[in-house]
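Once you've had a glance at the structure underneath, I'll fire off some questions.
Lettered A, B, C and D in written order, each chain numbered from 1.
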Amino acid sequence: MIAEKAVQIAQHNDLALLVGSDRKSFIIRLEEGSQLHTHRGTVSHDDLIGFPWGTQLFTHMGYPFLLLRPSTDDLVRKLKRTTQIVYPKDAGYILIKMRITPGCRVVEAGSGSGGLTLIFAQAVSPAGRVYSYEVRPKMQQLARSNLEQLGLADFVEFKLRDISAGFDECGADALFLDVRNPWDYLAQSHAALSGGGFFGCILPTTNQVSQLIGALEESSFGMIEVEELLLRQYKAIPARLRPMDRMVAHTGYLIFARALIPLEE
Amino acid sequence: MIAEKAVQIAQHNDLALLVGSDRKSFIIRLEEGSQLHTHRGTVSHDDLIGFPWGTQLFTHMGYPFLLLRPSTDDLVRKLKRTTQIVYPKDAGYILIKMRITPGCRVVEAGSGSGGLTLIFAQAVSPAGRVYSYEVRPKMQQLARSNLEQLGLADFVEFKLRDISAGFDECGADALFLDVRNPWDYLAQSHAALSGGGFFGCILPTTNQVSQLIGALEESSFGMIEVEELLLRQYKAIPARLRPMDRMVAHTGYLIFARALIPLEE
Amino acid sequence: MIAEKAVQIAQHNDLALLVGSDRKSFIIRLEEGSQLHTHRGTVSHDDLIGFPWGTQLFTHMGYPFLLLRPSTDDLVRKLKRTTQIVYPKDAGYILIKMRITPGCRVVEAGSGSGGLTLIFAQAVSPAGRVYSYEVRPKMQQLARSNLEQLGLADFVEFKLRDISAGFDECGADALFLDVRNPWDYLAQSHAALSGGGFFGCILPTTNQVSQLIGALEESSFGMIEVEELLLRQYKAIPARLRPMDRMVAHTGYLIFARALIPLEE
Amino acid sequence: MIAEKAVQIAQHNDLALLVGSDRKSFIIRLEEGSQLHTHRGTVSHDDLIGFPWGTQLFTHMGYPFLLLRPSTDDLVRKLKRTTQIVYPKDAGYILIKMRITPGCRVVEAGSGSGGLTLIFAQAVSPAGRVYSYEVRPKMQQLARSNLEQLGLADFVEFKLRDISAGFDECGADALFLDVRNPWDYLAQSHAALSGGGFFGCILPTTNQVSQLIGALEESSFGMIEVEELLLRQYKAIPARLRPMDRMVAHTGYLIFARALIPLEE
């Protein structure tokens, strides 16, 4: 079967996901001469480079692991972070609701740890751009470092800025706010968006949602929607298929709206 | 405020979403000289062309509507269809779990009405390709027509084929099966995927899920996951925020796996 | 098999549930000489009286139906109503959270159509009592008529009263408010409850929940809990087990608390 | 306010729930001379007896706690157990769907730790009876001890028996199976139930559900329903109302059916 299929080989500088039989996983960038140290033994990058993706290999202690390319879900879950991350289930839906596609110009604030930034950057690349605002220097530093690590920094302009001063962009296709008080930045957001542009936000509490949608109505936004997604995972055992015992019950409420052109008086 | 923002204008050949105050909506491709007839009056395309996106306009009977670009969610919901469509909530998550990004080569079967095809085509464009297999000529015709309508057909190769004969591709980044009996096509799917490539599937019944994951285990797939997403919509009224009364309770179970390279004997 | 089991016979004055093969159902009180007219033909009560429960019988047009005793769920769903009813899923949980058991004294307001009244009356009978307050005479009339119809009126004292004037009872085991503005009646509720007594409420919007729990904290209530229940129904087909396509997404938020004895100054 | 309300006093032999400010809780039966030792200090039962329910008291180390009667939910959650317990959300719904009310005769197997037994015993008391079958002597011992502890053993007949030999009862109002292989006991269950009697079951996996409903159809059961309940808890903070971060994603699928009288040949 190997002969039949295009064998693609792990190469120097590739991102790799290593998954042990206990499903414990690591994401590394392959570098000649480097090593990964795990509680189940050491893996030399040189022993990975040149192997086909999808291969089972072994640590020096004999523990098996899989050599894979990471999914976007893996990238987000493994991101170095100091903040709550937007979950993949929410991020995927945001892409669809806000039509974030190759070539789009997307504004986001704040950058946070860069979880949503990486998803936006991937989705709009190579021709599009993400303009990512953050007011905390250390946080911006982390997001930038994460995006550089993933090879996506070229598609992002990081801006260290309090967005109450407004965004530099205008005519943006989409703008996403992941901040505590989005209602304070609606005029700025409207100014940055193209006519009819996509506005999105994620908020944890119902009180914030009420406050935001009230403010949106008064700020020339329309088509307001509030939604939430619940992800339920199953134990993948053919003869005993059943949901996992526990699940994440809440990540946040998603709010979407469109920037309208106010009627001239 | 209009002065401050980049005014973007609806032009001949653009896709437009028209939304009435009753939230009833239409997606049209703007053509000089054409007209849209609704139960609330007629709209001449010539009266839309040249207006900024996000503007409120009126039918000849005086009913207001918004002139907007459609979101991906709008495109899928308004697609001409004769089959069940993969819902946007599921499609967005599929993009994230299978890392379907610009430049990817994605195989899917069947084409159905083209709902997932359009989402994949958008996400991989302009450099990537979707290879979309369908065995029913009329269905393929519908999917192709839908993709052409949306200007996305250039990114798709439609193939009229029973996939039990296998796929033409090898080394594909991702492969998605939306068929009743996916367990019958796992060897073919494995052959089409790159090493470690992303496999995905959506199935409505638990019995099918059990059968598929049992077959995946025996067909050199690993990292099997079964998940489902529940979308809950809220009434966006600031002082009376609450979930809608009813919701879609089930679209399908999502199954994801990775194509592994079998150990050499 | 009939011989082996205690055959119980439908008798004059029994409540009966008739269910057609299309799952359309009727609840009637069996009365000699009466008839039920359905779109699938007529059923004479005299033809039901004397038959064992669980039997399949036929209308005069030959359509089959089952002769069953109604469940509590059936009683609630078939209740003659002019208001939203508390759903069985919520009512059952209320019984457990508020320990509503035989012998309890339970206060409720308002009576509404009597849906919750019937569940409380059943659960506390024969020694307990439900004190059911309602301010709208027609509504009280409906609730009373419904409870009489079900033979449960002996366990209920209906009171036509604006509860802002307070409840007659003190030392009640449990008190449930199904009103729009429960925060206006917390002092009255506290006065009616025994020390540590169970307080419960159902509310549709998040704004109401916030307002209520704030007021509870200031009114000598403690152990406040906010919960909601989602009921998902499945298509009961062995080879194609799957959730129903649609579900009720929201009935109400359940709020529970305990009446505390304020510390003496 | 104390003066206005019926003061009810904790007495020797009462069941009491003590809840600390950290929401850590204990259920004890008050006995003169006894003591409860907690990590936050000792509580002498004699210091509780004579106090009104709903009072805040203190451990000898000065930590506050509330003196309350336990809810049914509290009783189940605090039950001494060696097995998975039927959750209160499910138990309440079972009461409603199977019309388990005062005076009913209910059969259950197995007894397990007695969680469902206690709920059934409470609900049918004082005139009804629960017939609780269990094949493991130690498990029966635990269930019996738990019910005695709660003062509910008088309403239960415990039977040490493999139910494949059948139940002693006939004409039971309701029968609930909480066993791994309920399909093996359907003839026995049918024989124990009254005509039209209520059958219920809880099962963790979809495969079991498919097998059971197939067997029910072939065993003279009808009106088969498969349902599940999801309980979502909220953080009860007025200004920051939101769901808890995590929840129980799965307890079990509930299956309900009615015992039908087979048509005579």
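Things worth noting here:
Everything that follows uses one rule, which is that a contact is a pair of C-beta atoms (placed from the backbone, for glycine too) under 8 Å apart; a residue touches a chain by one contact, two chains touch by 3 or more.
Predicted model, so just to flag it, every value in this text is computed and none were measured.
Contact with chain B and chain D alike is made by A, C. More inter-chain C-beta contacts link the pair A-D than the other of A-D and A-C.
Matching the C-alpha atoms of chain B with those of chain C calls for a turn of 180 degrees, to the nearest 5.
Centre-to-centre separation of chain A and chain D, using mean CA positions: 44 Å.
Each chain gets a centre from the mean of its Cα atoms; for chain A and chain B, those two points are 20 Å apart. A straight line joining the Cα centres of chain A and chain C is 46 Å long. Annotation for chain A: residues touching 2 or more other chains are 206-207, 209-210, 232-233, 239, 241. For chain D in complex with chain A, the touching residues are 204-207, 232-233, 239-250. Those residues of chain D whose C-beta lies close enough to touch chain C in the complex are 1-2, 4-8, 19, 52-56, 66-73, 76, 88-89, 91-99, 101-102, 119, 122-123, 125-126, 170-171, 190-198, 206, 209-211, 213-214, 217, 220, 222-239, 241, 253, 255, 258-263. Across the complex, chain B is touched by residues 206-207, 209-210 of chain D.
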